[in-house]
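Each of the two complexes below includes chain A, the first together with chain B, the second together with chain C.
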Partner chain A sequence: MPQLFKPSANTLAKLSVILAGLLPVVVLYAGVTVSRSPYNTKVDIPIDQPIPFSHQHHAYELGIDCRYCHTTVEKTAIAGVPPTETCMSCHSQIWTNSPLLEPVRKSYETGLPIAFADGSPGWTKVNAVPDFVYFDHSIHIDRGINCNVCHGPVNKMQITWKGNDFQMRWCLECHREPEKYLYTDAANPNLSGREQVFNLYMKLQEGAKLTQREYNMLYKNEFRYSPNTKEIEEGKALVKKYGVTKESNVDCYTCHH
Partner chain B sequence: MAVQEKLNISDPAELLTGEQSYSSLDHEIGDIVLDQKRHQMRWWLIVGAAFLLVNVMLMSIGYLLYMGIGIWGNNQPVGWGFDIINFVWWIGIGHAGTLISAILLLMRQQWRNSINRFAEAMTLFAVMCAGLYPLLHTGRPWVAYWLFPYPNILGMWPQFRSPLIWDVFAVSTYITVSALFWFVGLIPDFATLRDRSKPMWLKKLWGILAMGWRGSVKHWHRYEAAYLILAGLSTPLVLSVHSIVSLDFAVSIVPGWNVTIFPPYFVAGAVFAGFAMVLTLAIPIRKWYKLENLITPTHLDWCAKVMLATGTIVFYGYVMEVFYAWYSGNPYELFLKENRMGGPYAWAFWSLWICNGLMILPLWIPKVRKNLVALMIISQFVSVGMWLERFVIIPMSLHRDYLPSSWGMYYPTIWDFGMFFGTIGFFVFMMFLFIRFLPMINIFEMKDLLLRKEHDGHKNGAAHAAPAMGGGKGGE
Partner chain C sequence: MQRQITIGLTLVGAALLVAGCHTDMWQQPKVKAQQKSEFQGFSNKAASRPLVAGTVPRGKMKLDEAFFTGFQDGKLVKELPIQVDEMVLKRGQERFDIFCSHCHGRNGDGKGMINQRGLVLVRPPASYHSDRLRNMPIGHFYDVITNGFGVMYRQAPGVEPADRWAIAAYIRVLQTAMNGNLNDVPSDERSKLEASAGKPSIADAATPGEEKS
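Entry: the complex of A and B
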């Protein structure tokens, strides 16, 4: 009777054992990596909008306050996307013939939302949490969490991108250890948390000298920055001052109601 | 040798009857796989009927995924209904296979050898059926991987303090070890099939599965070691898996669930139900495939004895539950027992006592234990009884708890029954595929038994010992 298998079958058999051991590791590693990569999270990828709106130009170069457009950010859960009328408060006077602003004028005339040239409704959402997450902007502003901590260096964005992945792992990093992320301006320690947020942007506009921490908050991603022991001690004091309830911060129902 | 004779309770002559030789054993067992023409109309009828039920199961699952578990009867106050009953029922049935293959191996019970293979297959298929239920019960089976601890983007671990998570580990370990054990045991038989089958592609297929088995002494030595290690791994699983399943209930504070006797009582119940299923399958199959010489009345007698012993433990559990309720003086426990005995589901409670208490009593009579018809009937009662036991424990404890304002009734829907009968069909379907395509009895273990039988015979007849063949359980 001829042999069933060639001698190379031995190698194949050994190889298959090694592969069977490696495969789960590779699959797990790939899953873990891909789920955290910009491919999945869309972090750092500028998103197409009907109008190439520049936060860098409006918020940084012109120095328009965040709240001029995002009017409800201090008071409600939602920061708010400005209506066409807000754009027109300036653009009825300047750049009135700019072809880039055609969608704004069209929206203003028709009363329909700003749309892409092909008619599909505009302002693509950049930052979103799932419907079962009850995120509230006002409480975060009230505790002095700077916009850029979550949204990235918005003052440098020509086209807006997502600053952080907004995965639950990321939310919990701050909810578990808020002392690492709370900040106060040493020169103005008596400001409330809400005032601290906008105080920093004022300082930026005035061209005041920023501390390393402040620079990191504005330009680096806060989450790629680890505070030193002194800053953490200050953070702990702020946790008390702002009345952050660390225990309920990690309760399921705090964010999932 | 003397010790081993003491340990070998059954005489090899009783475990292997008829005129047997090594090649006749190859024929009797191997030809069921090699000679596909042996599977006649009966096989097709059973598999066809089972396949219809498999489709019922697939439809039930499909509609469930589309609609959500609202199509089932579970609702407040009974959140655990058919899904959990059937999960516990199936997982219990699986236990006989592991007990036979692991514990009886370590105890050197030779009567395990002709039933262990298909009992292990039974375990695998039963655990598959069982696993479906909690998976679908989660409501979103596509994210079931959340149950495992892996570096996830939620920044969370599973709740390690919950017995439901222990269940995930227990059941997944159980199916992994059972599958390995089953496969390792099959390797020498794959080699036999490789050597005996004719078509080249079939030889190659068996050859791949046999993983280069040549039957050398080295191979046998390693095989024995691997098999023993796996038996050692499986042995605690026999006890742990159903203990952990019982903790799903015992850890809670629901009257009727919060009982310390649950783990041993569940394990006994599992083995009880499992042996009933072994008998249910073994009795017709040995007749249809003419295996009466390999699965003898002695085997069935032993199975019946195990069933009687575990059944008695289970019944002791029932009696103790009533005693505890009375002895605790806890009004909720007392009410629960009253509700079981006289409430709207009293029929289930009393049927349970009849099936698992009364109907096994005839097994005390040796003649009944060798009577195929009687064994078959009793096994059916046990299977029904063990299902009722889970019904009595699960929905009956939930439907009337502390708050009378939230009392209610549990009504399963057609989709509950669709899943239940569907998984029964799946189980039968898989079993009959197994019977047709894999050797259902351990060929080399039977050869080993034959060797022992001849050895015993020669000792009496003062002739030479038979030449060494196979590896066997080489204690001598």
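Entry: the complex of A and C
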């Protein structure tokens, strides 16, 4: 009877043992990579909407304050999508015949939500957290967290996309070490956290020169203070000034009540 | 026998793992603000319902006619129904810049960005620096924010009553500033102003336009 296995089978056998050991690692790595990729998180993917609303045009070029539409962002948990009436405040006067705005006019006439041309309803939600997360916009604004820090460069978006993955790991980066992320304008240190947020957009409107950190905060999302530097001391002072309670920041019940 | 036990255990393990993959806590059967509702009774499918007409939140009865309407006994109020201090004026400026400035302009001359971009508006936004609006009782501004005026829509949903009065007060500030001269400036502040003379300022940019309404 001839040999069933050639000598090379020994190598294969050893290799297969090693590969079997590696398999769980590879599977885990692939799983994590897919779950953190834009395929799953939808980060950086412009979302189709009934109206191709441009934040760049309205907020950056025209200089309309965020809060003109998102009226409740400073006061409540949700920023608020404006009622059709808000759009019509201006668009009853300008671009009154634009076919792009037909859904707005239709919604205003009928009192029904803005819908796609085929009748399927509503704006598609771009940013969402799971229902077991109780996120509150107002407290973040109050601590001077700029809109762009979480939502990406909204004031430069022609069509809105999601700026960050909103996974818990990402939330905790800041909740664990707020001193790395808090911001104040060196020229206006007396403004409250809330005022700091909108002061920065005002500076953009006025064409003031931004510091590198301000630019990175608005557009690059890379503005962390490094540990053991002079800046991090400034960050720690801001934690105190804004009244950030670091201990409760990482308590489960802060976000999951 | 041993093989069957192995297969059985593997299946149970896999079932336990798969059981972890469910999303019923991610999307709970509750509605959050501005979500859609499939309830048949809601014709516009909005989960957030408007208040039933005549609803009064406890302790929020709008008894103060002047404060909540801008009118007293059918006439526009002439005095602010709130105490004015620096905080109120700053709040008024902030709210004015958010809700009014893109049409009426940061200095109230009616030349805001929308007016500039609207090419030919049939009825352009008013300038506050006309005689008509300078002499208008302050309640008028509250009333216009609350109910709209001409082609201007009401801004009431975004601006709370106290903020509307703060804006009205700030409009008076703009009107005063636009018609001021050097004698109105406190003497210790004058030197600062004279130092900045020649540089473009908010007053230089203003050319009070004629009211069309």
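The rule we apply is simple: the second predicted complex is superposed on the first by the 234 of 257 C-alpha atoms of A that agree within 3 Å, B and C clash if a C-alpha of one lies under 4 Å from a C-alpha of the other, contacts with A are read in each partner's own complex, and residues count from 1 in each chain.
Keep in mind that, in the parts below, contacts are C-beta pairs under 8 Å (C-beta built on N, C-alpha and C of every residue); 3 or more make two chains touch, one makes a residue touch a chain.
The shown structure was predicted, so the numbers you read here are calculated from the model rather than taken from an experiment.
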Legend entry - Which superposed partner A:V81 touches (first chain B, second chain C, both, neither): second
Inset, instruction - Check whether A:P99 is in contact with chain B, with chain C, with both or with neither, and answer first, second, both or neither. - result: neither
Inset, instruction - Give one of first, second, both or neither to describe whether A:R36 is in contact with chain B, with chain C, with both, or with none. - result: first
Inset, instruction - Answer with first, second, both or neither: which of chain B and chain C does A:T71 touch in the superposed model? - result: second
Legend entry - Between chain B and chain C, more extensive residue contact with chain A: C
Inset, instruction - Please work out whether A:E173 is in contact with chain B alone, chain C alone, both, or neither, and reply first, second, both or neither. - result: first
Inset, instruction - Tell me which partner A:L28 touches in the superposition: chain B (first), chain C (second), both or neither. - result: first
Inset, instruction - Could you say whether A:P7 touches chain B, chain C, both of them, or neither, answering first, second, both or neither? - result: neither
Legend entry - Touch list for chain A against partner chain B, complex: 4-5, 10, 13, 28, 32, 35-36, 165, 167-173
Inset, instruction - Please name which positions on chain C make contact with chain A in the complex. - result: 25-28, 30, 32-34, 36, 44-46, 97-99, 102-103, 113-114, 117-119, 121-123, 151-153, 155, 157-158
Legend entry - Touching residues on chain B, where the partner in the complex is chain A: 150-156, 194, 203-204, 207, 211-212
Inset, instruction - Provide the residue numbers of chain A that touch chain C in the complex, in ascending order. - result: 62-65, 67-68, 71, 77-78, 80-81, 83, 85-86, 88-90, 92-94, 111-113, 121-122, 130-132
